[in-house]
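Chains here go by letter, A, B, C and D, matching the order in which they are written, and residues are numbered from 1 within each.
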């Protein structure tokens, strides 16, 4: 049995020694340990994987670990390799990120369950059918937005969704949903943030005459396109490229960057602090 | 003898045919031709290199070419491979871009003359001595800025400088100088523009938690950090990097990106239109 | 109506002038022209797009163009924007390249027909069904290889296939097929060629301790993994990555690089000469 | 006072716990810990930085640490932040890497002493003068090679050189020197190894028609260009680039990649095992 433990706490001597000692005492073997100290904020971060020969009673583990944790004022989480996370996919009309995630899912590349795809449009319903995943069509207008989000939340709760991926979902998600999924909604924005936040970033990039375009995956917060960045990548462009070419090049960036962010989240390699991420290797 | 001709004009049929016909008629051989049509602006751009067995009288060439040019309402320039351009280097206290350009110059990598280095500080004077290039120290304060720029202009005119490179010159250049050197002042900004324009971009990038930093070389216009972009490049960073690490990584980006922009300018591969560049390959 | 013309011939003065003159005379407007001179081989390459207000009789165009062509000893091809090319997909057991190409096809990103998918295994048949494309399963063993290739050729001829994409087809294609499709079979090799040609390149890269892995798309020739390279890309790796991680990272490279090569081929941007490609922008 | 400890040993439980316990007991605070397990070789690697309020007697520290070390069969090294390493630079005729390293040195970017530059040619002697660093000219011919290496070794010993950087030194270094500096000679090879090992890699890359070129920094072993890779980077090229362009682009890669490798070595971030490197972040 394997556990992944994520910890952050005020920086102080002895944290690694105490934590690894606790693991050793209960018969665990640390197979991965990475730590980081944010010297400005004086915060210590650690990600630790440990293996146990026998099954552990997780609630007993948690009770015992809580004692060390309180000694160091830790914020912490523990994850097992037996509970498969549940990921909801929100889309609008673009299919490239959706196809990309679903083909990875079907290949077994992502250790995850996908209880449903949710969209404000019906145009991608055929992809749900191709992959035999329920597709919920919830139209959103200014007038119906609140109501629509209540319905969305109902589905999210009913299916016990762990996190949401906005795979080019062209709607702004409101606090009602964000508050239920803090640092658990992953968006892909089609620019190299913080450049070109908001609508039509490829058009803005084209007009500015940039030589490189980008894509950014981040956790969603209430401020638009301003949440903690998980992953970014770029591609070169030139004067020979039209806005349409930017968009075509960008599609490849978007799907790869989003997939990387989803994998980092799934493997518990991300921690959020001060609106920034620690991304363990 | 070799000529490089840069042209832009309203897009219309026959431009290439007429121009290459003109070259052929006077005994030239086109060895390079690249063209671009900005479909939005309906503007045609062309860069053409042609070789002649005998020496040409450039003023006669220009008179004759002017006839075709007027037929197509061309804006055009012609350059020979016999006049070496003169480049002035403006620096403040950072030496990495200066060292990089001077070592390229000394190796013969840049076909250019460097009549002087100019700085608002004296700290890099030793580098001028190392490379035996005059170093003019003109301090700049709020009060003396106007006066200082007059002195700068005097040096620029006296040495018949063709273009200026701001090799991490930490002062804002005013219209007085820009107007004399339109699209002939090259700056290196230490961010991936338009993100983090202005002061302290590495600090801003660090605070935003980006995963990629960049550098941008552009022609200087009156609006700060908003001129036509010539070249950009990026490097990955992570939570493990401090602001100091960003700065160190950034130095390598800055010097390479600036050197590429200088080379493109020197080889007449850039054209400016609508605050954007066409950069021929 | 739009034509794309690809030309190569011995380098000599006047080619551009004559060709653009011919186009102008028959009422065409050159909307794109890119040329390249291989100075070592003294060969001239040109790609030209031209638009005509009226429909052209293509056979008359060809007859007339042949006269200029013979004058300059041109090898040339002309393509219209009305005949959609036919692309056959060959796969084995990996689905990432197949999914990627099919989702691009379904989105209209690739202007192509896909008459069939062909495989030596049946495992990906379900994807053919998902996308409603015929899937031909032709098992290949040492003994049956010749026979299998005859059957493959039959399908290729029957469907008038223009070019073949080996989307991680783990078999060596023999001269029997290559000869019928010279520079019209596109392979994706999972290394940065010429490093790690042949089998198990990720294992070899891991054992060598490289810090960057790559993928290479090339036209297939009789010598294994030695054909003209169309497109390459790379990704960074470190000591923390296992062979399995190399393979996972590589999948993303492979599908993106292959898709780019397919697009370049489809838009007639590639020319082959001396086992190298000219790839127009 | 700060110590950097590098350890590798057979993988087994308790290493981190014991080591951090030892540090804590003698009043140290771990400010950085990164570890890696090579699962194939079953070897554990760790890099640890710790700070002490008071000065430590290093020989007592070593005696005490040796006890833990022997318990886990560790290979280990400890470095202080008070002994500045001594780096010898070997060059031939190219100046770009030399200029780059010296300008970093002069800026204080590299915490190192450079007792001398050594070359088989005299052409770069002026750079030694520019930077006031002794320049030893030791010509090398087939006949004098053995003798020349004896002289080189004499300089290396006399100046107590810690490691050697071959900054485009175009000679093969023989075992006589390598044996004295195991994993302490850093070379820059102008290709993306293992592609194009040996002489004239840019010519080979050009002939193969690659779309990406690279540079590789590695520790020198007796087998040419086959030592443990420290750092690699790449740049895109196209059919428009001549061999000369490859060389010019390559120069920028070479100097940046070599500088990164030198910095990693200087900050004790590299460990060598099985002809591969672990490079800590």
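In this text, contacts are C-beta pairs under 8 Å (C-beta built on N, C-alpha and C of every residue); 3 or more make two chains touch, one makes a residue touch a chain.
What you see is a predicted model; the values in this text were computed from it and never measured.
> Counting a repeat as over half of the contact pairs in common, which of A-C, B-D or A-D repeats B-C?
That interface is repeated by A-D.
> Tell me which chain's centre, taken as the mean of its C-alpha atoms, is farthest from chain C.
Using the mean of the C-alpha atoms as each chain's centre, the farthest one from chain C is D.
> Going by the touch criterion at the top, tell me which pair is linked by more C-beta contacts: A-B or A-D.
Output for the comparison: A-B.
> Answer with same or different: of all residue numbers used at the interface between chain C and chain D, are over half used by both copies?
Same: when the shared numbers are divided by all numbers used, the fraction is over half.
> Between chain A and chain D, what distance separates the C-alpha centroids? Give it in angstrom.
Here chain A and chain D have centroids separated by 37 Å.
> How many Å are there between the centre of chain A and the centre of chain B, using C-alpha atoms for each centre?
Chain centres of chain A and chain B, defined by C-alpha means, are spaced 41 Å apart.
> Two or more other chains touching the same residue: where does that happen in chain D?
If we look for residues of chain D contacting two or more partner chains, we find 238, 240, 281.
> Considering only the defined contacts, which chain C positions touch chain D in the complex?
Residue positions touching the partner: 36, 38-39, 192-196, 208-212, 214, 228-234, 238-240, 242, 275-279.
> Which residues, counting only chain A, touch chain C once they are in their complex?
By the definition above, chain A touches chain C via 95-96, 99-100, 103-104, 106-107, 109, 130-131, 238, 240, 248, 251-252, 256, 259, 281.
> Report the residues of chain C in contact with chain B in the complex, numbered from low to high.
13-14, 16-17, 20-21, 24, 29-35, 37, 236, 281
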